[in-house]
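Labels A, B, C and D are assigned to the chains in the order they are written; within every chain, residues are numbered from 1.
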Amino acid sequence: MIIGVIGGRVCSIEEAELAENVGRELARRGATVVCGGLSGIMEAVCKGALSAGGMTIGILPGDDRNAANPYVRIPIVTGIGLARNMVVVKSAEALIAIHGWYGTLSEIAYALHYGTPVIGLNTWCLSRNGESDNSIILAFDAKDAVDKAFYAVEKGAGRVDNYGHDTVNNR
Amino acid sequence: MIIGVIGGRVCSIEEAELAENVGRELARRGATVVCGGLSGIMEAVCKGALSAGGMTIGILPGDDRNAANPYVRIPIVTGIGLARNMVVVKSAEALIAIHGWYGTLSEIAYALHYGTPVIGLNTWCLSRNGESDNSIILAFDAKDAVDKAFYAVEKGAGRVDNYGHDTVNNR
Amino acid sequence: MIIGVIGGRVCSIEEAELAENVGRELARRGATVVCGGLSGIMEAVCKGALSAGGMTIGILPGDDRNAANPYVRIPIVTGIGLARNMVVVKSAEALIAIHGWYGTLSEIAYALHYGTPVIGLNTWCLSRNGESDNSIILAFDAKDAVDKAFYAVEKGAGRVDNYGHDTVNNR
Amino acid sequence: MIIGVIGGRVCSIEEAELAENVGRELARRGATVVCGGLSGIMEAVCKGALSAGGMTIGILPGDDRNAANPYVRIPIVTGIGLARNMVVVKSAEALIAIHGWYGTLSEIAYALHYGTPVIGLNTWCLSRNGESDNSIILAFDAKDAVDKAFYAVEKGAGRVDNYGHDTVNNR
């Protein structure tokens, strides 16, 4: 199972600890981590996964494999800038979003469009035209997030219609 | 001036009228319209722009130029799927978002990341971790949206730091 | 009709004159020019097209619309690096290649893969495993190249099978 | 070390055996294989690498992870069509090209542009404007190709100037 973990290049110490715990828990349960390969949340989740013997993939926006954080075992060098955000999303069977800025929001949006489950830890909340959108599955801590990601993948990846409605969990 | 107009492939009659008015107003004021080139909001804005003698560019996700709506004067055939959303954003000096689904949300996210002004008409509202994000500039009707887009471009395109904060309008 | 013109960012004076003549001839015959938007052949073809009242589109690899040469009327800002070479190819109904380096070769390769006609002026020659590949249609001067591009588009865009053989002109 | 292996989706039995031997040899020497993830040469090289306990990455053009051949251990799902060819090239420290059609040619072109070493086994030959281009390093069999790929990476990845000339091996 390949689980994406998304979040900012810059994060607080608490957020980094949360990401490291998510990475460790994913690796313990046999999942491969895919992320954007850079610093902040991406580095913390890879560090956690490696510490538990896991596999980590970093899908880099730029041209330089050395931009990968030191815990990325397999750097994918895309050279397509932030269009790589779509590649992170498509390569994951579910996503765990930890805090994050607008780049993370673009990944959440792609995932919801494709019907890929998104588990949120202190991340974006969405509403449109006054109506709340509850597509992001809220989690309370690292273990809860990983539980919910596994659950979402196991009960079947979502399917998406052309209008951006997906069909998992009545989202 | 090149202004992007984003929104869903499927929309209500009222939203289509709004988009058509936005297109007409943009063309009247000499702006070129760039959009995703397909149906719904994209078709309506191109129709409006053409009716006022404007230029319309459709940046298509797929491989087929014939997928462009009939009001696209210049189809750009990308073949990169929804990664083309980033290209729509980067090609525009400001964006007007009309309603829209998750694809539109990904475009809003890219724009806010890059510091490109986003004017919203009945579209997404954002908050993160309980804190409201007011980066989207709200507009009340087509003319107001175009006014605000021109104003935002003329006073200088935003600049963005690495953390996703841009520096226009204290966003 | 949208015709792509491809070639290097750096070129000789003779090649630039050839490109300018190609641009002028395309514009005179009502074709829109699409190119990579930068200097060298790309600048010369846009200059020629503008001088004859034509429309020019520059599909830029980077993030900066100001990187476009001054004769590009519509800059498309992709931010996807040289993956934009595929977008230039897909957006054109036929390609005219003038000299060029490896970037141009990647565009020729994409075009032959998709079955888009390629007209060559002093450009790459291909052979594989000792067998010559005559897919590039040779032209002798600017007018001949434009004639052959129009002819190729008018008799029908090629179709390509999965093995890279296309079906136009017994290529 | 990450070595890319490129070639067609369709190939002869002899070419598949060659690719399988290349994959086996790469894995024996500890290199990770990156490829386009589909059938033909891509499948054969992954099969060979797996049989020797190696790691295989398939960078897929489409949206479906199930399109990966059964010997891909890590599927990267790009959704960007053949623009993924650039990602295969950028993710590899050297490339081994086995036969191949126009898609393979686009990868060779990208690699030569970026100064990534390309080792050729019965693949494309290039000349431009009557002058032969010897940038592709010829190999005689699977072992020779892997030797030359390791040698090229170890003596330092090439650097490329803006004109497409790289600076390895006087290419």
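Before moving on, here are some points about what is shown:
Heads up, the rule we're going with is that contacts are C-beta pairs under 8 Å (C-beta built on N, C-alpha and C of every residue); 3 or more make two chains touch, one makes a residue touch a chain.
Keep in mind the model is a prediction, meaning the values are calculated, not measured.
Any chain bridging subunit A and subunit B, meaning touching each of them, is among C, D; the list is complete. Here B-D and C-D are compared, and the pair linked by more C-beta contacts is C-D. Subunit B and subunit D, compared by their mean Cα positions, are separated by 39 Å. Taking the mean of the C-alpha atoms as each chain's centre, subunit C and subunit D sit 26 Å apart. Contact of a single residue of subunit B with at least two other chains is seen at positions 63, 79-83, 86-87. Put simply, subunit B touches subunit D in their complex at residues 63, 79-83. In the complex of the two chains, the subunit B residues touching subunit C come out as 2, 32, 55, 57, 59, 63, 65, 74-80, 83, 86-87, 90-91, 114. Residue ranges of subunit C in contact with subunit D, taken from their complex: 8-10, 80-83, 86-87, 99-103, 105-106, 108-110, 112-113, 122-130, 162-165.
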